[in-house]
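Listed next: structures, encoded as structure tokens.
Both complexes below contain chain A, partnered by chain B and then by chain C.
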Partner chain A sequence: MFDALLEGIVNLGSIHSLLLLAAGSVVGLLFGAIPGLGGTTAVALLIPLTFGMEPWQAIILMGGVMAATSTGGSVSAILLNTPGIAPNAATTFDGYPLAQQGKAGMAIGAAATASALGGVIGVVSLVAVIPIMKAIVLLFTPPEFFMLAIFGMCAIAVSSGDRLLQGLITAIIGLMVGFVGYYDVTSTVRFDFGIPLLEDGIKLVPALIGLFAISEMINLAVKGGSISQDTSDVEISGVSAGVKEVFKNWSTMLVGSGYGTFIGAVPGVGGTVAAFLSYSTQAQRDPTPEIEYGKGNIKGVIAPESANNAKDGGSLIPTLAFGIPGSAETAVFLGVLILHGIEPGQKLLEDHQDLVFTLVVALTVSAVFATLIVLALAKYMALLTRISVHMLIPTVTVVALVGAFALNTEIGDVVIAFIFAFIGYFMIRFNYPRVTFTIAIVLGSITELSFHQSMLIADDQMSIFFTRGLSLTLLALTILSLAFPTFRRKMKERKEAKLEAEQ
Partner chain B sequence: MRIPEHRRPSALYILIILAIVVLFIATSYQYKLTDRMFPLMVGYFALPLLIMDLLALTDSKIGEKISIFFSAKTPEKVDEDADTTVRSLKQELMIFMWMGILVLGIYLIGFLPCTPVFVYCWMKYRGGYSIRESAYLSIGTIVFVYVLFEIILQYELYPGIFLYWYG
Partner chain C sequence: MFSKIITGAVALSAVAMVAAVPAQAQEFPPKNITFLISYGPGGGFDTITRKLAPYLKKYLGGKVNIVPKNLPGGRGKKAAAFLAKRKADGSHIMMFNMPGHAMPNIIGEKAGYDVRKIDWLGRVAQFRYIIVVSAKKSKYQTIQDVLKAKSQIKIPITGPGTTGYLASAILWNALGVKPKYITGYKSSSRYSLGVIRGDGDLTILAKGSFKKYVSSKKKKRAAFKDLKPILEITNGKSEFGVPTTGEMGHKDLAILGGDRIIGTTPGTPKAIKDRLAKAVWDSVNDPEFVAWGKKVGRPVAPLNAADATQLVGKLFSYYVQYKDVLAASNKKTR
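Showing the complex of A and B:
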């Protein structure tokens, strides 16, 4: 493990690698700061640039993006009350009141420092569980992988909040998309409808570019206007006071990072839940605060920011160990790994530990690098959110389409990106979660392969999924995850009834 | 049992997905047992979910029960919490047309001529920017695309079907 860590450091040691990391961090910060874009769009847009790179170089670039987006998002959350990405929403509760009180610099200093430390803690946790992950992965055979993929998709559907039914439907449609094309178990081409473009299946990269980058542009175009309506001048000072506040409130930062790492590791739950839970826990831990939460308490900035950055390390645990992405961003990142011939799971953890540690080092350095940029340039980053959508839409759309084409230099891929852009737009329009759809596309082939392998092992007896301990446990977890919304509703009803009775 | 008017676009969306799933199931039967087994399982699992999704949009008792079971909200509460962005059909069709023309343009004349024309037209006619501002951004974009993809990454950008025809 130490050798792999050393190799990761060496990979990042050259000027070229550092430039890649810096480029990734800057793109991540910009896309994080501009509401409506986000890290998933950034990762999807940058995929074509990685085609000619070595896998470790691609990992460094993507690591830079992933570690920087939520740090970027905190700037617009604090200065403009507009979270750059969803996980920064909790930061607005106290960040914006602080900005209104003239303490924007302190809030940004605290947010950036908490983000960096949270990110580092998340990554350290990832490193700590790698040896355990290896042992656990070895316990998984085809029936367990099948049940794990089903559990992953159900857990992500459940995490779509009040859209469980829609989450399950999009997961199934995603699986269907995954069935299109050549099936190597039986050497058959399926669901191609005689269209040559579909014979090799739906290509992941153009589909992801359409689904996340272009669909967002269509959505912005339909909604119109500018991204931020706020035109007030930004005054930033007292950044170092914010940095000191994080060290003064180290327990808030540690608890937030713990939440982020743990929740990030649960597929689909993601940074938003981690940030909100961390914020509400902090408010509960501090019943008599000096400054009320929601009115500019600095701990209300530190708690969510440390959580939403720590989740990056956590969400990579299921992604790297089992190929089950922890979030939309890691689902697209998984696409990058697959594109470069890296198969997540046992092989990656045993044969390509250097790549895992390159990612670890890239995430750590980028978390710190992004923070330094934010501390130095927050004022100018805030101006970015005032870019008119009419400047963003044509440029991002064109670059995205060129990127979709570049992978195989096939014009058909542009058409695929275009079709998936509309699918993505309608998913946004009718509130169907894109993350379950994406994860199902990614998991489609491995799910079916594991199913067939299980059937072969068990002589076509479905009982194989119910008679093995681990597989049965995963099935139980799947059922529990599906029952969770009902359980939550019952608890809420009971609580409300109790409150009513007391009144 | 009826679907209130404001939920009809969602119902239409579900019906389109339902039609795709039915087509998918019907197509699955063309393949051998091993090839169709898992797709069929998935397809048949989708049908009841889609029907429930459709029923949840109705103003019936069953619709309310389904909605509460899956979202812990009554259909009215789902409406209340829904995205309130006004999206006119005309506006949507207009954007789809712009995007469609872009892809058609790329197919016919290729990326390099199409990119500046699209960026310029969008800025000028949709964004209301001046000729100079629109020209600056369109030139900037094509220079960025050309330098990044053609020079640095050395991809040969699609020249358009016309250039293919005329060699």
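Showing the complex of A and C:
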């Protein structure tokens, strides 16, 4: 294994390889930052370029792209309230409020640093778990998926804050939206009203583009001004402060990276869920924060960003163990390997260990490289929040709509984005949380599918959820995470009451 | 004199026009050809289409590009309907998944295309199925165990209406086994993982997909560590030394599987169709493409346009027998 790792480093050692990697990182950053495009599109578009390359060169280019997309996506999540790719959705919750407070530089600094560290931790974990990777992938079966999704749903309670009723209402609407379209268990199309566009369900990216980006532009148009409400003399940079915040909150970053690696290893769950879980766990671990979550707490940026980057390493675990892609990007990446005459699966690790480690090294270097680029440009990017609405609104709206269209070159997706833009605007206007709506859309379908499958496996016996070790552990964690904030608050109140009494 | 000139000019133009017809066909393709992919990036269809595109370019004269374009949606229906509605000038081609793409036509669902009307250009590949169990967790280690089973067999699979589900249903019906399907897995990779971890007892898998679970080391190859084949659907000899459906007396089942056939818009002029079909044939038989297919476990199975057209007809008539089963499983709920 050590020889293969060395070969990976040697492969990346030439100027040509480094240029390839840099090109991949830049493409990844751009495709990540422009809503709707994403890493899968970037990798697919670059495929023809790799035809004339050696397999390891193609791997370096693709590794560069894959490690950089979610870092790029965090920038648009923070500056424009639009997740560049779906796994950046959780970053908007605290990232955008920070931008509104004139702290965009700090948020970008923290997001980029958390991305790099998360990415590196994910890849290191991948290498560390290679001997036991099969066991990790096999740990999760439908009952565990269900419990994991329920655990994630707790985020609804946390993110609602003092608007629990509104939070629950939007969550229910989110669940209903998630039910639209083709359902894999029954192979039936539900709630499509005969409209072909709805047959595949409401796609997450156009919905998020509408819900967050365009709705925010409508809101800005009504309000006027600029994104940052603080346009006075505050120094816009703060990038280094953001970097320091990550090291100060190292446990948040570590937990996030752990979620990313672990969830990345489970095919079918993905970076979006990892980021949400990491976010909600952070909010639950910290029930009495200095700054409320959802209102610009920097830990709310670090948690999801470390998770969605660590996922890249994690999602290679099922790829190496069984030849099964752990994410959409790895699926395309496997396609690239096949095009180059390399059959993925068990043979990959047996016959092409050097290529595997070339990818590992490329992912690590690219994660750091992408972060350095973002950190270098953060100061200038943050200026975007000070641009007048007259310039910002048309530009962002056009980019967002093109993004919605580009995903599948489907004009219907633009319509979806518009519909969700108005839903989003009314949510802002009447103070209904958009976060809970998003969580429900993302987790609703996994919850339903895994529940249905569990029932099929266990012949409708609910006991399947309570007789398996991991499933039971996840249930216990769910109960604990719901009870913990209340318990901690009560303890604090009691302590304060005691102190007051003593005085 | 003047009339002679006119007559001569008319005659010359007529000759020129007659001569221009074959010239036009020879000039095909005048512009880039879009090679539609009915599924998203990644996965078998995407890969084979992208691999084939440069060969088609080569055999079409090398002047225009063959541009692969993903158009996923409606489980493959969207791209097929898009192709059917293009101008019939050979500017769009697509690799169909048969019988998957024929399903909406068989059950009479609105699809926007009819596989019986598509202009077929040739087959690229085909796959056949095997039945696999978990090498470690399954109670059933041979097909005899399954046939004698007292409890209900559980099969993780995609969902009713998909090619794998349909093949599975036809097979177990013929063998007299009434299994319970655990549906909802998004792909064969996912449901085979379901079998490995013990969600169910066994499943149906394309032979090419199974090969990724086999070690390349000779010693390990004999011992299947994750998935183990117990039955092969073929009338020939089993590649894995397991019983075959042919040996069990079910020769008609050998049709179960999948064919990847390239087609173009219905009504495409014969000259253009022939040119495209020849390019498909030459590409699929290109030694380099053949060698690639062999290396990555996706062997080519070339079939010319006429034979491919005949095959589509044959598949349609076979699966239409199961129309009611299919229609019931595809019933929409609102």
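Here is the rule we use: the second predicted complex is superposed on the first by the 272 of 503 C-alpha atoms of A that agree within 3 Å, B and C clash if a C-alpha of one lies under 4 Å from a C-alpha of the other, contacts with A are read in each partner's own complex, and residues count from 1 in each chain.
Keep this in mind: a residue touches a chain if its C-beta (ideal position, glycine included) is under 8 Å from a C-beta of that chain, and two chains touch if they have at least 3 such contacts.
Keep in mind the model is a prediction, meaning the values are calculated, not measured.
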Determine, under the contact definition given at the top, whether A:L168 touches first (chain B), second (chain C), both, or neither. first
Quick check for you: in the superposed arrangement, does A:I324 touch first (chain B), second (chain C), both or neither? second
Taking the superposition on A as described, I'd like to know which of chain B and chain C A:H390 touches: first, second, both or neither. first
Touch check for A:A406: first (chain B), second (chain C), both, or neither? first
Looking at the overlay, does A:P433 come into contact with chain B only (first), chain C only (second), both, or neither? neither
Between chain B (first) and chain C (second), which, if any, makes contact with A:G264: first, second, both or neither? neither
Based on the superposed arrangement, let me know which partner A:R488 touches: chain B (first), chain C (second), both, or neither? first
Which of chain B and chain C A:G313 touches, first, second, both or neither: neither
Looking at A:P206, would you say it contacts chain B, chain C, both, or neither? Reply first, second, both or neither. neither
Just to be sure I follow: which residues of chain A are touched by chain B in one complex and then by chain C in the other one? 48, 51, 183, 185-186, 188, 190-191, 193, 409, 452
Provide the residue numbers of chain C that touch chain A in the complex, in ascending order. 40-43, 46-47, 50-51, 54, 70-75, 78, 154, 158-162, 165, 180-186, 189-190, 193-194, 196-200, 211-217, 226, 292, 295-298, 329-334
List of chain A residues in touch with chain C within their complex: 40-41, 43-44, 47-48, 51, 134, 137-138, 141-142, 182-193, 196, 199-200, 267-268, 318, 322-325, 328, 330-335, 338-339, 341-347, 350-351, 408-410, 449, 452-453, 456-457
In the complex, the residues of chain B that touch chain A are 9-10, 13, 17, 20-21, 24, 27, 31-32, 34-35, 37-39, 42-43, 45-46, 49-50, 52-53, 56, 66, 68-73, 78, 81-83, 85, 87, 91-92, 95-96, 98-100, 102-103, 106-107, 111, 115, 118-119, 122-123, 126-129, 137, 141, 144-145, 148-149, 153-158
Contact footprint of chain B on chain A as seen in their complex: 48-49, 51-52, 162-166, 168-169, 172-173, 175-176, 179, 183, 185-186, 188, 190-191, 193, 214, 218, 221-224, 388, 390-391, 393-395, 397-399, 401-402, 405-406, 409, 411, 414-415, 418, 421-422, 426, 429-431, 447-448, 451-452, 455, 485-486, 488-489, 492
